[in-house]
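Chain IDs A, B and C follow the sequence of writing; residue 1 opens each chain.
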Amino acid sequence: MVLSVAESAFIYDSLVSSHPSRPDSRKPTQYRPLKANCGFLPNSNGSSRIYNPDGTECISSVKAKVIRSNNISDLINVEINIFGEKDNTTLCQHLTTLIKESLNDSFDFNALKLTDKYYFQLYIDISILYLPEDFRYSSYTFYSILSLISMGVYLALKSAKLPLLVSDKKDFEVEEEPTFSDDWEVSSYLIPRDSISTFQPALVFIVGIAGNTVIIDPSLEEEHVLEHGVCVTWSNSKITTPIQSLALSTSNNKAIKPNLVIKSMDLVEQVAGDVINALNTISEQEIDEFDVVF
Amino acid sequence: MNTVDRRRRLGPSNAIPLSFPSVESNSDIENTSVSSFNEQKLFIQLSNIPTATGSSFLQLGNNLLLASVYGPRPSFKRTFNSKAVLKITFHSSPFLSSRQTESTFNNNNNNNNNNHLNSDIDPEYQIVNSVILSTLETACSNLILLDQYPKSSIDIFVNLINTDKSTKFIELLSLIHTAVNLALIDSGISVKNFPSSIVSSSSSSSSSSSSSSSQIFINSIHSDIYDNDDEKDLQNEELLTFYIPKSTNNNTNIKSTLKDSIDDAIKQSRALRSELSQFCYNKL
Amino acid sequence: MSRFELFSPEGLRVDGRRYNELRAFDCSINTHPHSSDGSAYISQGNTKVLCLIRGPSDTLTTTSGATASSADEPTISVSIIQPPYATTERKSTSRTDRRMAELSIIIKRALQQCIVKKNYSRTLIEVSITILQLDGSLLPACINAATLALIDAGISMYDYISACNVALYDTFPLVDSNSLEENDLSFLTIGIIGNGDKINLLLMEDKVPLDKLQKLIDLGITGCHNIRQLMDNVVREIGIDLLSKKL
């Protein structure tokens, strides 16, 4: 979206005023409407589809594979595929890094432990089906889709099911490969649904900063005038790493005051609970018919 | 400053650059400047690449770094650019294998993805690489006055020549940023202010052991407003980019200690900056 | 031979179908109204394909580099994306996969024949196909999805192209093969324009005895007609729905 000087000045001024107003009249803590469903790919352990009103769409899938390893750092693998982008661009790599880092820092690896020797290895594949055309010819970086991707991954992980192990858990002495029950009715969720042993996969929030205003989920118009972006990770009801600054667009960048970093964390703390609740509700909706998604 | 100044950005041809009186300082500044963060001596050499607009060479312990800035050069793209286009390339020497092989042996202590660094095949390498690139891009686009160079492009190259496994990734990150900062200063490209980058480790008040410290990396400049009071002046610092890696202690609440660690980092950053800027003035 | 009994003496296939029965067929159009000019989702058994169409648009604004615009026909660009999770065993396919490039050329040729070319001179129609899940009959699913998406985009066509796979087990032709059958049997893909028996696509990569070929083609044509009917029902239903909203 190419904004004229007057347009961007108007949006900027209304954002930095003492009563900030956003172009789509949202509150600073309000998200754009999102639609999501999950568990629709029978070939994957978990899957999700999440999309914005502007058409940006993200399909994520979680596949589990049994491996014999104790190197925890390669149990989670992430791959992002963006329509019209090459696989090895800096953007793809960096999005992959952030998602992987955030998951690694917060994941309860006991959930992946199968037996003494075997682990589940997770492959998380994300495809972005569409990005608004405006992105390509302007100053936008793609980092704002990080929050969408992160929510997609969260839903896919939440909906992921693992088959029931029927062989012995303590196989340190015995030479046998783990065997599983054929019955998917007895499968269990990767992330337990009971309140004691459960944990939350990390969610990445994108906060935009202009003047002294911090806003969540910046839209394209807003990104154009924002001075700085911050990505904040949230997991298990607290702020975790990685936290870093991002350039959301290259048109109006400025350095930020340190207190705004803390302010953006406050904002994330305000909204995170609601976002998690909403996502949990979506992930708990059972779908019987796989095709109702589209 | 070895560009041909065809557009007279630097003023009329007979202009003499500002010269500063040499400061009689207590610290020994010849070609070395004592870095405040690591007790180790930091070796800096500027303008070592004659074809580049600005370049810097850094050595800290076994870490060798080379940064160079080319441009602003005219870019003949079809679309009109009202500001300079920034391109940053990070490259680490292919023969940096010692670090990787050694670190895989003692890998079981944590799943820190900073352990591996230097193999092209290793996916972890890409992870580290992308953090370096994205923070550099953010910092440079915030620092350089890109508006002043329409229809042009600026290229920045960073070359990591050597490193060792005792250097943590985040320390390397700050070193890389320092190298780029100095190269930019050397190039004479308009920047907002003198930048400096630092890694600060602050141990949280609850736990006394230094192992459970949280680290923060910042690259910051002083804003346009100055205050005579040193404490108040801390508020006038602006962050170009920052990065908080995984803390070794999971139980610490990042947010509670963040305020202090940022303040701490800013103080250290300023100490480093005063030394670096003195060094640069002397070079003039 | 296979571990499975692909066709039992009683005349049942691995998934319990008879030789001339299609798998569960489901389709919907206009699934992505904001991100594309025409979109369709199709599922044939466990094969699920999504097709988005952008265009007809000015050839100058192409995202895939400058392409020479032709004066008397549209430029159709087809891209097929198979994400790693599409198959049962996770497998990454590169963007320059030769199999996919080959398929996209076949699809492009098939579509070129059924679009009313003269209406779209000097334009670009971008077809992007995403394979969400793969269980045999890949090419037919792509063709069927592309047809529906073209209809949704409002691009004038002579008629539907419908396609289906036919496999040969001994002397029995089996329609709409799944991946188990395709692994072990020789099969061919047939595409038909409209309700007649004009073949517009025929792809045979395996050996088939000459005297069985006629049988396979006959069954394939019937299968295509059935699929056309199923797609037509959905399109008409949506058309009636749209009309009622207009009034």
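By our rule, contacts are C-beta pairs under 8 Å (C-beta built on N, C-alpha and C of every residue); 3 or more make two chains touch, one makes a residue touch a chain.
Heads up on the chains, UniProt names are A = Ribosomal RNA-processing protein 42; B = Exoribonuclease phosphorolytic domain-containing protein; C = Ribosomal RNA-processing protein 41.
Worth saying up front: this structure is predicted, and the values here are computed from it rather than measured.
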item: Steps in the shortest chain-to-chain touch route ending at subunit C and beginning at subunit B; value: 2
item: Farthest-lying chain, centroid of Cα atoms versus that of subunit B; value: C
item: Chain centroid nearest the full-protein CA centroid; value: A
item: Subunit B and subunit C, separation of their C-alpha mean positions in angstrom; value: 54
item: Gap in Å, rounded to a whole number, between the CA centres of subunit B and subunit A; value: 29
item: Centroid spacing, where centroids are CA-atom means, of subunit A and subunit C in whole angstrom; value: 33
item: Touch list for subunit A against partner subunit B, complex; value: 70-73, 90, 93-94, 96-97, 100-101, 104-105, 137, 228, 238-247, 250, 253-259, 261-262, 265, 269
item: Residue ranges of subunit B in contact with subunit A within the complex; value: 79, 86, 107-108, 111, 113, 124, 126-127, 129-131, 133-135, 137-138, 141-143, 146, 192, 220-221, 223, 235, 237-247, 253-255, 258-259, 262-263, 266
item: For the subunit A and subunit C complex, residues of the former touching the latter; value: 41-44, 47, 53-57, 59, 61, 63, 65, 79, 81, 83-84, 86-87, 123, 125, 127, 129-130, 133, 136, 290-291, 294
item: Complex contacts: residues of subunit C adjacent to subunit A; value: 26, 28, 31-32, 34-36, 41, 43, 46, 48, 50, 52, 63-64, 81, 83-88, 90, 92, 94-95, 128, 130, 132-133
